[in-house]
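Note that the chains take the letters A, B and C in the order they are written out, and that residue 1 is the start of every chain.
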Amino acid sequence: MTVTVESNNFIALADVALHNEDLQHAVGEGTRAAYYKRLDTMFATSSEHGESMRQQAAEAKRRALRDLPDLLEKAERNLEKNGFQVEWALDAAEANQLLLDIARRHGVESVTKSKSMLSEELGTNHALEAAGLRVVETDLGEYIIQLANETPSHIVGPVMHKTKAEIRDVFVHELGMEPTDDAEEMVAFARRMLREDFLKADMGVSGGNFLIAETGSIGLVMNEGNGRMCTSLPRVHVALVGIEKLVDTVEDYATLTQVLPSSSTGQKLTVYTNIINGPRRDDEDEGPEHAYVILVDNGRSDIYATKYAEALACIRCGACQNACPVYRAMGGHAYGWVYGGPIGAVLTPLFVGLENATPLPHASSLCGSCKQVCPVDIDLPRMLLDLRWDLVQAGESKVGWDMAMKMWAIGMTSPTRFNLGGVAARTGQHIMGEYMPGVLGNWTKHRDFPDFAPKPFRQLWAARRHSRVKERKNERA
Amino acid sequence: MSAREQILGKLRQARQPFTDVQPIQDRQPMIPMAGLSAADQLSRFISEAEALGCCVYQVSPNEAIEQIMDLLDGDKTVSSWDEAELPLPGLRGMLESLGVSVGAHQDGDTRLGITGVTAALAATGSLIVESGAGRYRSTSLLPDVHIALMRAEQILPDLESWEEAQRRAGYPAFTRSSNTTVISGPSKTADIAHQLVKGAHGPREVHVMILG
Amino acid sequence: MALSARESPKGKTVSLFVTCIVDMIYPQTGLSVVDILEHIGVELDFPMAQTCCGQPAFNSGYRDEARAVAKHFFKAFKDAEVIVTPSGSCATMIRHEYPQLFNPNDGPNDGELFEQARRMASITWEFSEFLVEGLGIGDLELRLPEKECFAMHDACHGLRGLGLGRASRELIGNLGNAELVELNECEVCCGFGGLFSVKMADISNAMLQNKIDNINKSSAGTIVTGDVSCLTQMNGGLSRNKSRKRVLHLADVLAKGLEGIDGGRA
């Protein structure tokens, strides 16, 4: 099953979020808490040091992307040396089919999954369930999302949009939990429920935060420990890894695996920073007997060939979502696909096609916070501007705007026409009064508009030059 | 054409991005630790681990055994690494003399798990455990309470210095060990209304015993 | 472009780029800029051919239209030695986007235009930046007629595009009778974003309401900012919300300080 794309409904979906006070409160609190923790951790030493770590991380990812095809082959060799079986998938259908083939090969009936945004892109859960497998998401947030039959609204905190009471209701209705408003009791309840799944599962599916080319290792970060369960307890482990997750060296990995949680939750390291090097060794009586890595493209090689290649440097920390005032106001679901916030506004059109996500490049005030907090210094505002340009070139912009911009440019390329425009505006305002017409009415819906000045600055300047002191006094009087 | 060939072919056909990327000249660690003495590193390790919610003890081997006895609460089983992998001889015998069954116990119900560590990191208060024969991954994962036994000499400044040591030693933790985990405090989650709760899926308590 | 690499503007004639919004809606802010600069002895010029920097088109993806307006800007300011503008946003457009718009790799292959774009970028200063970084004047030795409490709203482009924020705080901090307090979330966007404010008006408004909440909670009676576009958004919301607080442009606050000194404005 393919993942639905509703990004062209952005305005309507945003409207739903903007009328949900619980959601706004939850998202507002969650994003701000993470934003300030990030500041504390990233800049604990000094602002210069934090900044240089960002640049170090940015360089590591860009260097890896520069050498991507070579590094992929190097990673494949080293993964195989470690005993991983490596598969390649061009798109979602291939990736899900490979997973199913592996499951059938090993007689798998139940699957535990740790958090993977890539699997959200691929619609993996639905594909496995459709084939009759039992699939359980084990990250607490993802577990709640799965029970509620929703999609994650935040890269790191999938259930950030829900209040405690809403989560309680999900557990009560779906699993018959004794009602409680105590978060510790809810966590303990989920722990008991999932413990059985962990112990029974035949196959664990994980993502991969990093793939270290020189050692053939999967780097996985988590706080709950569910990822360790999924990669240690079942007989089979499969890691779904996007081809952009490559890092060259262990030193690059050391930087990135610390910059990621520092930017994300303000932790120096996540509770578990896991380095996975294949199946159990011969002398071990624990760990998966079979370990696979599926290297997934799913549109990445297309993006690689464009001016948007930098978007592939993203390490999915969610810092841009936490910093973005647009995201803070309405959460991630309005973006209509897998990724919300500034990185979602860029990735979604690149993955699903600009024509299927035309509002997203405009879903930003271009305030620049996203670039400022990005641990790998992705110039998201620049890419949003480029996507807007693409929209105009592709004729996806509204005809009214095309006309308005042409007229505007004509007005702005001559001081005479500029002045006439000013006269028209003053007269227009005089006639229309407080509320403006057309799209400008969207302004006066929420805010008052100031009066145009009776005389523009250029007139005042000319007069002042004429009679410097006298005129000045009259103007100010 | 296979997916592999198609993907690599497309990447090679594309105009190579970031050809102007300048290599970092002065690579820095995330948390500057240069110049810290062993004693400073020890105290830093303790304060960081405690800040993460670990209970840290500086104890003699006998005191460590006593502390572990105190943590027992009528437990019939204890999950533990093999005795040869622990820096505390006599522990197993002491537990067994009390009728406690000591072993891998990957059942998911055993409450206490006892491991050693490969190394510990001062900058982040972290413990590094490598899986291997007699060093079970589940011992530091399934029980409610994880007891880590270590010596002060195992403390390294930070993740970068551990990885540097790995490079010098030919990457044993990356190639010999199937699974290496850097553990920083008890398992936790903040998924429910951003409220921090310990013991999400892994241990809710981590006791670190630094043996003197 | 690093500040250190820029040529000092000291002793040069300043060509004022007041911006289209100041020209038509806030001419008094333009006069305040003139008052302050003349007070410290800066020689001023106002090229009458000026209109707009082209940012509205650029930000909407209309690069051809933005280039047309930028080319007009080059003509209007072709004789300028130094350009000063009371807008961090327009200054960012000129400093960062002009060289990109005319970059031969990306835009039209016209070396002459590219050179002009780079020259405009190199001589353009935002008002507070010009005073503090350019002239080295952080204390204008001005005094308000009576005590007032202010807080800064850091307009996004000035803050993140030009690295401003310190300069305006220094100028207000040194203004007699002025108390400066910090505004919670002073670095967070007010929701203006140019055409974003009408294209996505409801989201823009949600951002604005958050800003208004913070302004209303602040002990400052007046919020100071460096961009009249953000000022229009915030004052439009404050007025609609019947709040008594208002946002003023930095130049207008500083110009009030001329009233409290001997030989200043009456």
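Simple rule for what comes next: a residue touches a chain if its C-beta (ideal position, glycine included) is under 8 Å from a C-beta of that chain, and two chains touch if they have at least 3 such contacts.
The structure presented is a predicted model; accordingly, all values stated were derived computationally and were not measured.
Asker: Which chains does chain A share as contact partners with chain B?
Answerer: Output, common partners of chain A and chain B: nil, no chain qualifies.
Asker: Find the two chains joined by the most C-beta pairs in contact, please.
Answerer: By contact count, the leading interface is A-B.
Asker: If I average the CA coordinates per chain, which chain comes out farthest from chain C?
Answerer: Result for the farthest chain: B.
Asker: Using the average of all C-alpha atoms in each chain as its centre, how far is it in Å between chain A and chain B?
Answerer: Measuring from centre to centre gives 30 Å for this pair.
Asker: Could you work out how far the Cα centre of chain B sits from that of chain C, in whole Å?
Answerer: About 52 Å, centre to centre.
Asker: Could you work out how far the Cα centre of chain A sits from that of chain C, in whole Å?
Answerer: So the centre of chain A lies 32 Å away from the centre of chain C.
Asker: In their shared complex, at which residues does chain A touch chain C?
Answerer: 11, 14-15, 18, 24, 28, 325-326, 328-330, 359, 361-369, 371-372, 385, 387-392, 397, 401-402, 405-406, 408-409, 411-415, 418, 422, 425, 439-440, 442-443, 445-453, 455-462, 464, 472-473, 475-476
Asker: Quick one: in the complex, what on chain C touches chain A?
Answerer: 18, 20, 22-28, 30-31, 34, 46, 48-52, 54, 56-63, 65-66, 68-69, 71-72, 76, 156-157, 159-161, 187-189, 191-194, 196-208, 210, 232-233, 235-237, 239-240, 265-266
Asker: In the complex of these two chains, what residues of chain B are touching chain A?
Answerer: Listed in rising order, the residues of chain B that touch chain A are 2-4, 6-8, 10-19, 21-24, 27-32, 104, 106-108, 123-124, 126, 131-133, 136-138, 141, 159-160, 163, 166-167, 171, 173-195, 197, 199-203.
Asker: Inside the complex, what are the residues of chain A that reach chain B?
Answerer: My answer: residues 26, 29-30, 33, 44-45, 49, 52-53, 55-56, 59-60, 62-63, 65-66, 68-69, 72-73, 81-83, 88-90, 94, 138-141, 144, 157-160, 163-164, 167, 183-184, 186-188, 190-191, 194-195, 198-199, 212, 215-217, 223-226, 228-229, 231-233, 243, 250-251, 253-255, 257-259, 262, 265, 267-281, 283-287, 295, 297, 301-302, 304-305, 309-310.
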